[in-house]
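Common to both upcoming complexes is chain A, partnered first by chain B, then by chain C.
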Partner chain A sequence: MDRIGKQHHIRVVLLIGALLLFFGTGAQGAIVGISGNSFNLVAKQDVIVTSDGDSTIIWGYAVTNAGGETGRAQYPGPTLIVIEDVPVTITLSNELPNESGNASIVFPGHQVTATGGVDGLMTQEARQAHLKPTNAEKQVTYTFTPTEPGTYLYRSGTRADLQVEMGLFGALIVRPAATPAGGDPAKKYAYNHVDSEYDREVLYLMSETDPIIHRQVEERQWNLIDFTKYFPTNWFINGRNYPDLLAENNVPWLPTQPYNCQPRMHPGEKLLIRFIGAGRQTHPMHFHGNDFETIAADGRLLSSAPGAGPDLAWQATTIKSIPGQTADLVWGWTGKELGWDIYGHSPEDPLEPYEYAPNHGKPFPVVLPPRDAVTYGAFYSGSPFLGGEGELPPGHGGLNAAGGYFYMWHSHTEKELTSNDIWPGGLISFMIVEHPDVPID
Partner chain B sequence: MFSKKVIGFQGLFVFLCLLTIMAGQAVAAEYWLQVGAANKTMADGSRVPVWGFGLDPDKNLTTADGAISVPGPTLRVAPDDNVLIIHLKNNLSEPVSLNILGQRLTNNSGPVWTNFPADTETWIGARPAGNYTARVRSFTHETQPGQVGEYRWESFRPGTYLLQSGTNPAKQVQMGMFLPVIKDTAQGFAYADVPYNFELIVIFHEIDPTIQNAIAAGTYGAVPNATIGSSVLYEPKYFLMNGMSYPDKGLLSINGTEPLFQGERLLIRFLNAGLETHVPQLLGLYMTLWSEDGNRLQYPRQEYGFELATGKTADVIVVSPKNPPWHYPLYDGKLNLTNNGAYPGGMFSYIRSSVPEHLGAETVQ
Partner chain C sequence: MKRRTRYGSMIVLLTLFGWLWALTVSANVLVQCPGDTNGDGISEDPNIVCRSITGGDGYTTMADGLGLYIFSFGDADGVPADRVIADLTLKAQLPAPTIVLKQGQELYLTMTNVGMAVRPDLFDPHTVHWHGFPNAAPIFDGLPEPSPSANMGNSMTYYYNAVVPGTYFYHCHVEAAEHMQMGMIGNLWVTPKQDGTSIGGFTKFAYNDEDGSTGYDVAFPLLLTGFDSFFHIASDTVQALPFAAMFDEYPMINGRGYPDTINPNDILNQEGFGAQKIPSLITATAGQRILLRVSNISTTHQYTFATTLGVPMKVVGRGAALLRGPDGKDTSMTVNVLNVGGGQDYDVILDTSGVAPGTYFLYTTDLANLSNGDQERGGIMTEIVINPL
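Here is the complex of A and B:
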């Protein structure tokens, strides 16, 4: 009983590996977005679906490709991935429905030059089509040079309470121009310091919607929109709520919600969580399984002095997203001090990478009850060992084919674990720690 | 030596009063305040009843007691003063008291307990023996209607602080009974190693006119004819910085009277006197967060915005990125940009450096 699944886990791993060879997988180790230094965006209306089965009108930034074709609006807008010190140019056109307002983008943390369009409160704006803008007023161009790497966001600067609620926001990632001093060119760094190294990264862009406001927009009841009565009931990570956010990136059934939130990693790796409060509420996100280290806020390392690296990083298990602000968290997991050998090793077996040696060969400390005496969670592989499998009741299983450990990463404002009052939904995702032999990338 | 070009937002008037006091003797900062009722005009023209503080220029608290404002006047304690004394005249019809968050009131003879809900009997200090239904009404000693009370802080610490009513704060603070109290470590130094050239004070708060009208009408709380029992359903309609919201003329540029040249240091003292959390956010620039609640941080933080919870203060330095003219939006990152449902409004303004006359007029970017 003490090494359930050990004899199976290699077989499972091989099976998964074979499946992946056939079907491939989305890139799990890097954030999906559009890279470059020139982007053409269009503000448009479209529809998203929420996991309560509803569909909602949204406004989003759509991408115009090099061939001049504009895709559908995205919720959130495209994740823009740029390089430190390389000037960035972003054009914005306005195809929002009549009376929706002008369109604009602001980039907190960057000194932006805006040209074209018309004057707005926060920046230049692309004028609405039904107001018959001149050619110069139709489109606005934003240019800036990102002088520091890091995690940022962009949002609408026009009627921002409504337009951000409607979905006009996105992530901006600035990658370092070079490997930091003392760094390894083969490795990844979030900032210009070796202590910002990471193996994989995941986006956590938080937003919410109040369906009443979206209905008022759909029915053009502009005079009824009142943000003092704001009461959101749908919550999103990267534009999807649970369980939709576990699906792959760019699945065809979510054409306006391209980004998932399904972090996976191997023991010992460092996961960089790019954490963004894009909406109007705070969300206390709770990352089960281990403490994280907050290494940066608003695109700046938490340093005691310039060049000192993230020496002021702080550890916690819960961090609140702040509207309009960003943070970078580094999370790791090795199974340290878990109390048993997570690989089900015999003492004479070799150590796995990053294995916690004091637990090597230590048996599972609990006598597992018979199969039909307990109810299994959906993500239990049937084995308490990493990469293992075991007997499951008929009809159960398939959600954890590689025998990974699932850690629920969720908001601790528990009502946010719903999608418009349907549980489970909203701000839930899972980190899956996979056996080292399970390919992720 | 840096020179402070402008004293805050609340006006030159307070500064002159302070100078007058300081010219006499630098042993204590002493102020004569009244608390009373007034009406406040919102950006959309509606009027809301408020309770607030006024500064009595003739210091007798019997004539010309000073106009009521929300927020109240800025009080300053000189760097070499350790003592702040406030003489408070209560022109409301219920007891009041004073409380400065983060400073110890020296002559505190509170708290004051009351029999709830009758509110006809009071006890001072400890809970009355054997009485398990009494409630604290005031954190500090009370000043009764029509009376003058004295409040003394005899070891006043440097920093930015929020003075609030200490009596039924959910009600009296909400009505507007708050003001900033400021002490520098030296002229032009917020803290020993935090110099500044120019200062702004930005106080966030919100107004729910339904509740404030009920309070003013005496139909709020545990009273027989109550229309609103408590603030549990607080739903603010106005989101204010320094008592104003966009597009109030006074707020449109919360400074802009002076040029700020490249490299000069703007100190912004943020205070949250409201009931909700706000996120001061600056567009286009970073701020260095140097202190919270009057405590200089061991390590300052670079941020373009941060969470400012209810009752908190924070001091930031913004370094002027270029010579004037320039302006950058300053707003609530939670996007409270409404005046009772109408956009644009709410907590939106600019920090602005204007061109001195001899350099020509400012052009709008």
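Here is the complex of A and C:
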């Protein structure tokens, strides 16, 4: 680590500490978004901050609420949560700066009817204000009936090379209308099959930016924008880089980046990961801790026949996020077969939920080095045991007071773990498996 | 040798003396090997495998002759604890020493941080991350954030109960973009319990398939990676590291570009040490089945490869898992071209039945990666020699 990197690392650690202070007991187990069947969006320009300390112009979809007030643009756009077979209506107005182009939305995987606005290449578009549109041209309305539950992407269908780079995209989640046959109404299912059951869910929407393009847009140097030289150096999950993505949803200091990425769960639970490639790069995302199972792609269960459930599911620890593609992964962790007791139990102690009984009371297998022989990471509790605690060196932040097990979920194209030349940043996130006694929501 | 920096070597001489003296005072090297009764570093219990590696630095030679500075792991098996630092300084290997286990064995892997002799201004810890280990615990996951990582002059022993067979790899996870670009990567696989039984005419298998579908006669690891020479030179010459500009232009198989991939000897570095020990020449007798254990650990590139054998590749494993659905349905894939993203690993079987004896190629179909820097006909390519029966 060079010296600048070290100083930055210290700042990052301090930042994480500050962020963790704000960790509340909000609903950690659900994806935050806007639910319903009618949404009013406005395409606007705004600014995001990146973890290298920079700020960047973006274009995003903003939400107009029932009172007619329009919020700030969001990066990514609002996560739209709808119900299978319930018709959805989305209006879009255009407040993008001059020369940005008209505004539109396409919903891959859905049969959409678009009315109003002006004709565009892919769909109807909301005309730019400086072109003095008629009332009918100002706003476009998209209607569709989502017939298949699952995870989807929506994005701009106008000048998509530039407008998607600028941030006009978001997640669309279609929830099943009813509990699947043989299912338990008290449980959650991603699809119309019992084998899509989950306990918690998290969104992983990947995107990237080339800061040079955004600077050219900011300075209105339209003729200089050249995508043949596209070279992104900033990467995002749900619109934030590491470590900003650890902070809560809707924190006031990230007003245009409302969504975090901080999954937490208990051993034995099933986490549904809704995985979306919203940008133009492929990111091989690697999940520490255990294999996931990919049960669906592009809003369809990986089934050999209708009703067969995810019988073609595949497991691995790395999956490529493909531009425009979505996938649903199920991840769980129990610590089984590790060969030692992750709780540090004595044989006479009671079992924890989902504890792998053959390892109960088995001693820790090695002698750990003395404290001064090693560097303690910011998320090390000082103990190898789940829910454990140990003596920490002076100056350690103590950021893992509950003794959770932290697993990095990150891009394995490791240069993407930076934010515009600054390590660490970019596509790093952490799953925390908490001790069964630690409340999560 | 096209380029050679004396800078690093000077620093080595100037600093090693005082620095090693300091280490003898503070070093905390403890090689842990239960069941080793005679102190040779080998357990007398056949179910326990003890390995000793170092984390440090060294040099490599690219196939066009360019010398590049690396960080990686060195081989300290059998080296007494009090000799590890003295004997293994500047002895990093590319790739790191290969680790092979049998399903059910327990691995005690001691990693000693011998420091970066060429970069004494760096005081980086190192770790071992077993990539893909199922149900891992952070203490042995090698992520520096939620675990301890060994400082210079100190060792840490990692424990793994290897119950899931398959193709994995390992790497250092400290400042991963830097340490992995610098070369801290190695092959690792676990052979299945089914090995030694006879199913479908085979006695060796990639997985416990129960039907011989992953049976093979000969196996070869193909660890794909690449170096960005500018990054390595910047590190060697104590310059700011170009993270954003990082872009590999020395694509390699097992740490070598073609034609070094078919060289049976060690590739010597500027210190005369054979840091690149793993050739990738693939040989088989006509009719045999070849298993390729393919992984990609590039920090910048995905790689796609094919062969000129004229027979398809059967992909039987992915991510250290047999390609079967949850209810056992066969989900193996027959392909001619396979893309491997960073962090992915695949088990691929080539059935050479009907292939005429001769020399064939395995090569990347991302043709720009058939290069060693600006030298053509290099990079990710090796030869497959099919011998007559």
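Just so it is clear, the second predicted complex is superposed on the first by the 416 of 441 C-alpha atoms of A that agree within 3 Å, B and C clash if a C-alpha of one lies under 4 Å from a C-alpha of the other, contacts with A are read in each partner's own complex, and residues count from 1 in each chain.
The rule is simple: a contact is a pair of C-beta atoms (placed from the backbone, for glycine too) under 8 Å apart; a residue touches a chain by one contact, two chains touch by 3 or more.
The model shown is predicted, which means the values in this text are computed figures rather than measured ones.
With chain A as the common reference, the superposed partners chain B and chain C fit together side by side.
When the two complexes are overlaid on their common chain A, residue A:Thr134 makes contact with neither chain B nor chain C.
Of the two partner chains placed by the overlay, only chain B lies in contact with A:Asp161; chain C stays clear of it. The partner of chain A that touches more of its residues, comparing chain B with chain C, is C.
Once the two complexes are overlaid on the shared chain, A:Asp226 sits against chain B while remaining clear of chain C.
Touch criterion met: A:Leu121 reaches chain B, while chain C stays clear of it. Touch criterion met: A:Ile422 reaches chain C, while chain B stays clear of it. Applying the stated contact rule after C-alpha superposition, one finds that A:Asn98 touches neither chain B nor chain C.
Within the superposed three-chain model, A:Gly109 lies in touch with chain B and out of touch with chain C [touch as defined at top]. In the superposition on chain A, A:Tyr376 makes contact with chain C only, while chain B stays out of contact range.
Taking all C-alpha atoms of chain B against all those of chain C in the superposed arrangement, the shortest distance found is 5 Å.
In the superposition on chain A, chain A positions 282, 304, 312, 320 are in contact with chain B in one complex as well as with chain C in the other. Residues 235-237, 277, 279, 281-286, 299, 301-307, 321, 329, 331, 333-338, 340-341, 343-344, 348, 364 of chain B are the ones touching chain A in the complex. Taken in their complex, chain A has these residues touching chain B: 106, 108-112, 119, 121-123, 157, 159-162, 164, 225-229, 277, 280-282, 297-298, 300, 302-304, 312, 320, 322-325.
Put simply, chain C touches chain A in their complex at residues 28, 30, 32, 106, 108, 122, 124-125, 131-132, 134-139, 141, 143-151, 153-159, 161, 163, 173, 175-178, 180-181, 240-246, 297-302, 318-321, 323, 325-327, 329, 331, 341-345. Chain A meets chain C in the complex at residues 1-2, 4-5, 195, 233, 282, 284, 286, 288-291, 293, 304, 310-318, 320, 333-340, 342, 365-370, 372-380, 384, 386, 400, 405-408, 411-415, 417-418, 420-424, 430.
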